[in-house]
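Down below are the structures I want you to see.
Each of the two complexes below includes chain A, the first together with chain B, the second together with chain C.
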Partner chain A sequence: MAGFVAFAGATLARDAAIAFKAGGGWLLGLVFYAIFVTLAAFAIGPEAAALRPNAVAIIWLAALFALQFAAADMFTADFDDGTLKVLASEQSSLLPYVIGKTAAVFLVSAAPLILATPAALSLFAVPASAVWSMTPAIAVGALGLILAALAASAINTALVGGGRFAAILAAPLSVPVLIFGVGASRLVLAGEGVWTADFQLLAASVLFLGVAAPGFAVLSLRLGLE
Partner chain B sequence: MRGRRAWYRRPVADFDTCPHLTCRDLGCDRGGRPVVRGVSFDLPPGGALQIFGRNGAGKSSLLAVLGGRAAPTAGEVDWTQDGAPLARTPAERLAVLDHDGAVKPQLSVDQNLLFWKRLYGASREACAAVLDQVGLKRRRAQKAASLSAGERRRLALARVLLAGRPIWLLDEPTASVDAAGEALAADLVNAHLARGGSAVIATHHRLALQGEELTLG
Partner chain C sequence: MLFYPCVLASNDQIYPVMLSYFSNPARFAAFARPAEKVAIGVAVLAVAVGATLGLVFSPEDYQQGHTVRIMYVHVPAAMMAQVAFGFIALMSLTAFVWRHSLADACARAAAGPGAIFAFLTLLTGSIWGHPTWGAWWVWDARLTSALILFLTYIGYIAVWEMGDDKARSARLARVVGLLGFINVPIVKFSVDWWNTLHQPASILRLDGPTIHPSMLAPLFAMMIAYAALFAWFVFVAVRAEILERRVERAARPAPSRPIAAEEGGALG
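Moving on to the complex of A and B:
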């Protein structure tokens, strides 16, 4: 188990170093998210009565696109520079690597986005009391969206030259997360609290993706490396 | 042979238990095109095999089969340990040098090795020692993007040394390196063989070392 954790941890630390120290890749998803949300608020107009009902849908769509944008190429660099070939030969399993990559995308791309969400919601005149209660659903949903992008990105890498095929593949996998995430957030806005049926279904769908997506990604990568 | 992989196994860096590799009538494809046919060889601990051949002859494809990344289309790859067959490719005893080098251009030489140090459970002193061995000690803080192609190859060789594993599968270890780099690669392989390790090397440039040779195509 120590070797498993060391492998996942090394992958997380390396990807975080590349994102934070070399190139500032962590900013891309956040900038995309901020631009999307701001443009949507401008497009809807200044009236709180028009902004508030659209807040949840806009925030979730922005999160979905931003995270797909950030995670679509998560294996490409390792595939192109030969790292994946070395790991596939030298390591008995790529599962720790895939888990480390997922954790890195969550830390680098999703965490800033989650922290920025209260500010984004305030643009849509959402009451301050609801802003923080919505954060758990966004955080859990962000993990689900990354897991969907993980599976799609692995297929994309396996299909060399697949281009932006990953974004199309990730969309249907993200649907349950989007539906239950939006539902849970709407219930928070309606004063129903955080722990609602929709939140539980959101957590269940993320749990399912958490079990299925990493194994699926490992299989896809192995097939792509043959 | 390409046995089922366990979900995870810890790396084993034990030169006293270097597995024995035997290939019989091996064949493999690349992109559906047959590239290697009827290859047989024996690689005991301490042995080396240099594979030559024109571009596209199947050298890298053969290494992919030996490394367990691809399945052979014909023949058998047998790994044995003290006469007993191993159920799977001994991934945790392999050190692989890929043609692309597995070097991150955005990271410094030190940061590149840091990832592999954690993976192999190596020490900081070992990192410094292997960089010294390949002549990159003074380049530690330099970004890999600013290294020459030959220096990046040396960095890739440093990673193989850091792994401390008994079986080396090297794809073009001397690509882009100068005469001194070729001599260094030969010295490193010879020292590895002297420790009881084994090596399969796909190359266009014959290295000065004792061992078998195979020409494809």
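Moving on to the complex of A and C:
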């Protein structure tokens, strides 16, 4: 158990260090998210009455694509330079590695995006008093979106080493998170509170992905190394 | 279960007899050649019966008129799209556990017809929806999950077609087949929650079917036809795959010493 945590923690620390120290890689997801939200506002128009009903949908789509974008190549570098091969041969399981990687993507790409969501809601004419209410839903949902992208990205890396093919595989896996995430966000903005049925189903979908996705990712990486 | 008729052997171990019997490609091909002919014969016969009953002898619906006849091509396609993915998942699991390449070939062979069935479901459903609901497409739960199933097929086929190493594609296709199979019911549940307009199930119900026999007979005939067509396609595609591998093996330079006997040897 201690070894498990140490391995996962080392992976997380290494990835976070790479992302925060060099080249501003951690900003990519956030910038993509900001650009998507801004362009969507241009597409919808400046009227508050038109913007407000679309706020939740646009923000969730922006988060979905930004996180898929951020997670699509999460294994590519380690796969290409042989790190993964070394880790797979010296460690009894790659599960801590995959969990560390997921945590790193959450910390590096999802956390800034979650913190930027109130600002995005303000852009869509949502009253200032309500902008923080969506944070629990988007935080839980971001984890689910990363987990969906995780399995797809592992399969993609093992198959062809990289590229945008992961998005095709991640899309069907993201559907439940998107449906219940948008539902929970709409309800909380309508004043129904955080702990709604939609939020519980969102949490259930994320828990399911949390059980299934890392296992499938480990399996795919191992098969890719064979 | 057709593909797992297990028997209890004397040492109390459940042993998949038929599976190991057909895991030999030569035996499979020998079985598939006549089975293909039976399957295509059944398919043609059942289409003839189903089309005649459906187009001529079955009554119009009191609300929908003649458009109800689209059901005879729509419902079997929807059924087979789901059955084919179940078959892919079963073959993926088989390939995963027993590491047998013939199961991979079966799963791959089912993907093409499965995707076509899924597409036909969407197409005929759309044509049926236009006069019935007044729209080519509505974001109803069943339509949405059929669309997601189609996308899952696309992803599965892409795994086979994208990689340049066939053995690696086969191994990863097993993972995608199983993952997709787990995901489809979850998507179904979530879109059910999201929105529902489509009528509830009317054939498979505990209190018996709610469709009149004059409509049920052509529907069952068409279901048999689609299933037989699917079986024919899988038999032909797997046999073609066996032959292709034989050609590939023959084209390769001979090894310095014989590695396996032709009869009962592993594929490829």
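Please note the rule applied: the second predicted complex is superposed on the first by the 224 of 226 C-alpha atoms of A that agree within 3 Å, B and C clash if a C-alpha of one lies under 4 Å from a C-alpha of the other, contacts with A are read in each partner's own complex, and residues count from 1 in each chain.
Keep in mind that, in the parts below, a contact is a pair of C-beta atoms (placed from the backbone, for glycine too) under 8 Å apart; a residue touches a chain by one contact, two chains touch by 3 or more.
Since the model is a prediction, treat every value here as computed from it, not as a measurement.
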When chain B and chain C are modelled together on chain A, clash or fit: fit
First, second, both or neither for A:Leu169, with chain B first and chain C second: second
Partner chain(s) touched by A:Phe4 [first = chain B, second = chain C, both, neither]: first
Chain B versus chain C as contact partner of A:Gly193, first or second or both or neither: neither
First (chain B), second (chain C), both or neither touched by A:Ala212: second
Touched partner set for A:Pro127, first chain B, second chain C, both or neither: neither
Touched partner set for A:Glu226, first chain B, second chain C, both or neither: both
Chain B versus chain C as contact partner of A:Ile155, first or second or both or neither: second
Which superposed partner A:Pro53 touches (first chain B, second chain C, both, neither): neither
Touch count on chain A, higher of chain B and chain C: B
Minimum C-alpha spacing, chains overlaid - chain B and chain C, in Å: 6
Residues of chain A at both interfaces, chain B in one complex, chain C in the other: 226
List of chain B residues in touch with chain A within their complex: 5-11, 64, 67-71, 91-92, 94-107, 111, 114-116, 118-119, 121, 143, 163, 165, 169
Touch list for chain C against partner chain A, complex: 148, 151-152, 154-155, 158-159, 162-164, 168-169, 171-172, 175-176, 178-180, 182-184, 186-187, 189-191, 193-194
Chain B-touching residues of chain A, taken from the complex the two chains share: 2-4, 6-7, 9-11, 13-14, 17-18, 21-23, 77, 80-83, 85-86, 88-93, 95-96, 222, 225-226
Of chain A, residues touching chain C in the complex: 151, 155, 158-160, 165, 168-169, 171-173, 175-176, 179-180, 183, 201, 205, 208, 212, 216, 219-220, 223-224, 226
